[in-house]
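Sharing a structure, written as structure tokens. Questions coming.
Note that the chains take the letters A, B, C, D and E in the order they are written out, and that residue 1 is the start of every chain.
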Amino acid sequence: GGAKEPEPVQKNTFSWVEDGGVAGLPGVNPLKVSGNIITAGSSTVYPLSERMAERFKQEGYSGVITIDSIGSGAGFERFTVAGETDIANASRAIKAKEIEAAKQIGRNPIEFRVGTDALAVVVSNQNTFAKNLTKDELAKLFSTASTWSEINPAWPKEKIQRFIPGTDSGTFDYFSEEVFKNNPQPMLSAQNLQLSEDDNILVQGIKGSPYAVGFFGYAYYAENADSLTILSINGVEASKANVDNGTYPLARPLYIYSDEQIMRTKPQVAAFIDFYLSYVNEEVIGVGYFPANEDELEKGRQAWLKAMNGTY
Amino acid sequence: MLIDTPQFGKKHRLHERIIESVMFLFALFSMLITVGIVVILTRESFLFFSDPKVNLVGFLTGRDWQPMIDQFGFLPLLNATFTTSIIAMLLGIPVGLFVAIYLAEYANDRMRGILKPTLEVLAGIPTIVYGYFALTFMTPLLRSLFGQSRVEIYNTASAGLVIGILVLPMIATMAEDAISSVPKELRLAAYALGGTKIETTFKVVIPAALSGLSATFLLALSRAIGETMVVALAAGAGPKLTANPFKAAETITGYIVRISGGDVSYNSVDYNSIFALGLVLFLITFTLNLVSRKVSTIFHQEYE
Amino acid sequence: MNTTNLAENLLTAFPTQSIAEPARTIIRLQDVNIRYGTFHAVKDASMDIYEHKVTAFIGPSGCGKSTVLRSINRMNDLIRGATLEGKVLFNNEDLYSKDVDPVLIRRRIGMVFQKPNPFPKSIYENIAWGARVNGYKGDYDELVETSLRSAALWDEVKDKLKQNALRLSGGQQQRLCIARTIAVQPQVILMDEPASALDPIATSRIEELILELKQAYTIVIVTHNMGQASRVSDYTAFFMVDANRTGYLEEYEQTEQLFLNPVHKKTEEYISGKFG
Amino acid sequence: MQSSLAFGSEENVLSLMEKRRKVSLIWQAVFLLATSLAILFLVLLLFSIIDSTFGYAALAYEVEPSSLVEGRQHLSEFSRLQLEETARSRLSSGILRRVEYEKPIADRSDKDLTALLEQYVVKPSVLRTWGLWESLTNQDEIEMYLQEQDQAVLTFKNWLTFDFLFADQSANPLYAGIRTALLGSLWIILITFLFAFPIGVGSAIYLQEYAKPNRLSRLLQLNIFNLSAVPSIIYGLLGLAVFVRAMEGLTSGSVFSTTVDTTANGRTILSGGLTLGLLVLPIIIINTQEALKAVPDSLRMSSYGIGATKWQTTWGQVLPVSIDRILTGTILALSRALGETAPLVVIGASTFISVDPSGIFSKFTTLPIQIYQWSARPQGAYRNVAGAAIIALMILLMILNSSAIIIRDRLSKKKRMEA
Amino acid sequence: MNTTNLAENLLTAFPTQSIAEPARTIIRLQDVNIRYGTFHAVKDASMDIYEHKVTAFIGPSGCGKSTVLRSINRMNDLIRGATLEGKVLFNNEDLYSKDVDPVLIRRRIGMVFQKPNPFPKSIYENIAWGARVNGYKGDYDELVETSLRSAALWDEVKDKLKQNALRLSGGQQQRLCIARTIAVQPQVILMDEPASALDPIATSRIEELILELKQAYTIVIVTHNMGQASRVSDYTAFFMVDANRTGYLEEYEQTEQLFLNPVHKKTEEYISGKFG
């Protein structure tokens, strides 16, 4: 495996390249982009990618773009093992063994940071007692505790009902890494546990009972803010300011991944990523996430330029 | 001579032979499907069971199912499957049977003309719609009847009841067939002895139709066990060993569709586990179908 | 317990009446018209049926014999579209008046069908069933035995009462059906070609049985077999069918009279085999 | 001994009769109730769908029309000039370019421009929706909600519009549509038909016309009955292992040409159609067998009697008489395929496809999958969209089924003529 | 085009033979035994059927007339479980030898059934279809006309050849079935109670037709109607049934002989109406 020598390609061969790009990237004219783009992965990133794809189309892209919301793990699977997809959406960074797998099929994943999610720990708005949790309480809440009163004696002696993203999701991985030191065992052996890749199943479930609790991407909370209550962690609320200044403990990066070879042979993929990186900050708030910080975005742009170096 | 007259000797009708062979191969194809199902399910299940962390005894007796952390006991899934199916049967069998009795013994032609198409419509609605119905109607109904605190938002009762509605038209039409095929003479005999309509129905007609009816019920049970979309939407998404139908629990089919909906990683234990569960499902339903056929042939013999 | 006596009682409760004796009318048809939907099946049938006699209905196929027979215990109620005008009196009570329950009538006026139709249950249950739904409070074993004896079947089946009735021969099945009818103690038994599906030996056993039963019951029998009619019946009704396929009663007489001196030409033609 | 006493006196008999009559009536009521219950279920089912398809929606505008042109509350009040100007100044540059490229703004109709401005400038979003029932009965609550939300605009929305049928998917429920799913469904059942019809009818002909009554044919028959009752999700597993995985090269089209520029991927229309083909095959076989059974033997006999061969008899006499019923049975089987969800979820049907499937090697989504996905979306308004899609699906099914009924009626008319 | 001539040719190709003339054997049955599964339906039937004669099969119901008839053109092959022992020779060729194609036999030995069973197609197609599957290359219009004329149906249907055959009357349908059989030019026509579903007028037309057709064809006819047998046939075979319900050939003679001087007692009883 390993990256092959980039083939010498003439500059400016891509008709979609135009002037007026954002922050050093070449400009994209979607009207001149066609051909299909296959993406799959995180359900957290899904709404963002969906929004970007829609905008890409609205501005004239005439190809086929598919976005499967199957969880980060499965998304990497398709990208690095089956090699079915052009782009993997992920709500966690790629793991070493996934990079290994990708190399096996001659791919070299390139990471593009697209935004930040504040993982939201939520309860139903019928829940009047829970407002804040420490990280330790959080760990207990999602594993060994069986009633709310075990977390805090002042809380009702009612069974905890847990709704968490499925094991294939980046959210699950992130949470178990962040809260359980990468050991999913306690979380999965908890009582009254519901797991789903479908966040609505979680949203509906949490709405359904004052004693339910769950977590998922901030966007899903934002969509249902009228019926859900988000808990602050270690006393810090999930807000733009707290995410930006890094004090919210469950803030996590959102990525898309692609590969140099793919971007070169399927220029529509390069165009889409270019477009994505250029305009994601205009859309990310509307979707319910937070912009990534400028350095991270810039790293992505540089990676793009490096991958496509000499081809346009 | 207008028509050339060949000898009686066998003319080699090659194209007839070819056509017959092709048809025969087509007929064999269905055999191939069964073989395919069995081979695929057993092969992948074999991979599942050859995983060092899995063993058959643990699979059959374990009370926890969470492959991610090496818990491979399928009892919670099986239990939920039977919970939803039994609830479905508790609703579907009596209502379906009574509708069938009404159709066969009471309804006049006009009523039948209205009811049968109604049942057909009900039978033709995609199961996803029933799932949606469970989520948007049955669950809220149960929660307002029995209390929000007692009935979880996802629960096997709601899914089971809606599956009951889903299999109702099938039960009603098949049961009606079974009841209608009881010879008319038996009814006349019962009436001539001074039996009332209900006595005739319950004590003569139904017993005579019993094997046909039990075949129907078994088939309906098999259908309920294999039903997927309703449980995927309404029963819950976490394996749980509970007898309480107001609690969420995941069925075999629910698990398969959840795992494959999140896409299955190649060669992972998750991927193999859905085939192992598929095998269990196939064995259960296959047995029920076979028994059901057996029972209904017994029925036919009785009247010949 | 002396079940044999019981059977004898049942049969000898009434002394045999000779044909010459004046008989009481138990059923009277008055201007009966029966229709199936718009099809006029039987028109203006009027006749008296006498107690403890055997009355035979004969006539060509489709002339309405079965239709009239069924009207006597309101089995026609069970046929879609069947309607009746006129009166059917049973012991002077109008069977078709509003407040009469057909279920009760059928217990009093039992029926035996052309094709033997035992329930797919045990022999015992076949007999006990009718009694049970009608609230019989006596000893069931006794009832079963008595009924089977009356139907001349007891000796053949006494050792296999629990066996499924469908495993009996056709003739035995038919006698079982008669026994089952007797068990609910009717006054009248209607029989619609009870022997036409049976072989000659079974047929003659049924004929014998009819002659025995008439001592306790009034019997009306439809038959295609003229010989049978002349052998078993006291009275014979000859039905015919007109150009519209509507049936009517052509001639009704004491059997001897009708067969030896038919008044109507059609009757003569029919019994001499010219048509039908 | 007077055994007739065992039935009790006349009075006893009558009072018992009274009781029996009552029991009879009670049970009759029970049967009627059960039947009404069945009808009620259907009504509720239909109602719960219709309920979500119509009703009030509270919308919020990102940009108030009044802020675009002073004093205008609605885009519909804009003059032509104002429309064109706003479009030029307010549409984002990318979108403006696409719009101008497709059709210059000056050439576009007012309606067109209004729609453009609404979608890209005013950008309405759904705050909350109410079902039809609530909309009609619970006006107070809706009022209260509106008062709390100061910028909310209330409209009565019919979610099942013409646009809905022809629009792409969208991240905004207001603009979501089912075109791609509809096309996906149609493609899938086309493949299903092409695959299952010939094989199904062929097998049925073999079993009904050719097979000798030996063990093999009994086994085949039993097998078909069993297959018809195998849960659909198992077909999904079969399709996943065989079509998506094992035959990936074939089903993704990569063995046929290099023009398929995607990395090989078995989750195509072909895989989906074949999977559903397997699923409906036994149903088609059974239905066709029924149709062939209904052909009187005398027809076959008379054909053989004049020296026709088996195939001549089957093709020339038996099939023409039974084709109506065969087609009816097939259509009913296809409508089953049209409503299937689970097997397609298992083989991994896609979720967001913005462009129509172009052939058998395209990725696809179908109506039931779309409904499933939408009902799993966090935004409440997608429940309304799902409801509308369900109605669309049911209309499609109704069209299919009524074509089956038309064929059946034609048949019975022919039969009547024959009689 | 002289289609009329063609028809005449077809009919007059062979001079009428009187019964007295010695006739050639066209079909010979030798010790034929036929079974349905384990049920022995016909035993040891041996007989010669003569060219250009009408041979009638008579006998009580269930004696195997149809079974023997069907064995002659191997229609029994199509009945599940039917097996034959013995020989059936057609022009001295064994019809049941391994290398014989039953499809070809049926073209030479056509068959007409009890219930008229035209194809649910046009009158024209009913006739043309058989010829077509047999590879007829001539003029179809001509063939249709000739065949219909031969079956005495042409005048009635010539204006509605495109009409569905099922709309003809029963008698017309049956003549159409005969015409359809003629169209493939068989040598022998087997008829299984061809008139029993028809009214008297239609029946007599069929009988006339049979008498005409025997000039060109050999005809074997099964009938329940003794009068019909005596009117149309030259030879009559009387089948009986034994105690095991197995049929056998009781008597086979020239028709006049059999009806006027039956040798066997059973034959006499049967033709005098004592049973059956």
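Criterion: a contact is a pair of C-beta atoms (placed from the backbone, for glycine too) under 8 Å apart; a residue touches a chain by one contact, two chains touch by 3 or more.
Bear in mind that the values here come from a model prediction, so they are computed numbers and not experimental data.
Undergrad: Figure out the least number of contact steps between subunit B and subunit C, where 1 means they touch directly.
TA: 1
Undergrad: So which chains count as neighbours of both subunit C and subunit D?
TA: Chains that touch both subunit C and subunit D, as defined above, are B.
Undergrad: Would you mind telling me which chain pair, A-B or B-D, is linked by more contacting C-beta pairs?
TA: By the number of C-beta pairs in contact, the winner is B-D.
Undergrad: Can you tell me the C-alpha superposition angle of subunit C onto subunit E, nearest 5°?
TA: Subunit C sits rotated relative to subunit E by 175 degrees.
Undergrad: Quick check for the class: compute each chain's Cα centroid; which one is farthest from the centroid of subunit B?
TA: Following the centroid criterion, the farthest chain would be E.
Undergrad: By CA centroids, point me to the most central chain in this structure.
TA: So the chain sitting closest to the middle is B.
Undergrad: Between subunit C and subunit E, what is the separation of their C-alpha centroids in Å?
TA: Comparing mean C-alpha positions, subunit E is 46 Å from subunit C.
Undergrad: Between subunit B and subunit D, what is the separation of their C-alpha centroids in Å?
TA: 21
Undergrad: Rounded to the nearest whole Å, what is the centre-to-centre distance of subunit D and subunit E, using the mean of the C-alpha atoms as each centre?
TA: Centres of subunit D and subunit E (C-alpha means) sit 57 Å apart.
Undergrad: If you average the CA atoms of subunit B and of subunit E, how many Å lie between those two points?
TA: Those two chain centres are 53 Å apart.
Undergrad: Quick check on subunit E: which residues sit in contact with 2+ other chains?
TA: In subunit E, the residues touching two or more other chains are 103-104, 108, 134, 184.
Undergrad: Do you know which subunit B residues sit against two or more other chains?
TA: Touching at least two other chains: 13, 135, 196, 199, 261, 263-264.
Undergrad: Can you list the subunit A residues in contact with two or more other chains?
TA: Correct list: 68, 82, 198, 201.
Undergrad: Can you list the residues on subunit D that touch subunit A in the complex?
TA: Interface residues on the subunit D side: 92, 94-95, 97-98, 101, 120, 128, 168, 170-171, 261-265, 348, 350-355, 358, 362-363, 375-380.
Undergrad: If you look only at subunit D, which of its residues touch subunit B in the complex?
TA: 20-21, 23-24, 27-28, 30-35, 37-39, 41-42, 44-45, 48-49, 52, 198-200, 202-203, 205-207, 210-211, 219-220, 222-227, 229-234, 236-238, 240-242, 278, 281-282, 285, 309-311, 335, 338-342, 345-348, 368, 371-372, 375, 383, 386-387, 390, 393-394, 397, 401
Undergrad: Please name which positions on subunit D make contact with subunit E in the complex.
TA: Spelled out, the residues of subunit D in touch with subunit E are 212-213, 296, 298-309, 312, 316-317, 320-321, 417-418.
Undergrad: Quick check on the complex: what are the subunit B residues that touch subunit D?
TA: Of all residues in subunit B, those touching subunit D are 13, 15-16, 19-20, 22-24, 26-31, 33-34, 36-37, 40-41, 44, 94-95, 98-99, 101-103, 106-107, 115, 118-119, 121-122, 124-133, 135-137, 165, 168-169, 172, 196-199, 201-202, 219, 222-223, 225-229, 232-233, 253, 256-257, 260-261, 263-264, 274-275, 278, 281-282, 285-286, 289-290, 292-293.
Undergrad: If you look only at subunit A, which of its residues touch subunit B in the complex?
TA: For this pair, the touching residues of subunit A are 40, 68, 70-71, 73-75, 77-78, 81-82, 161, 166-169, 184-185, 188-189, 192-198, 201, 204-205, 207-209, 212.
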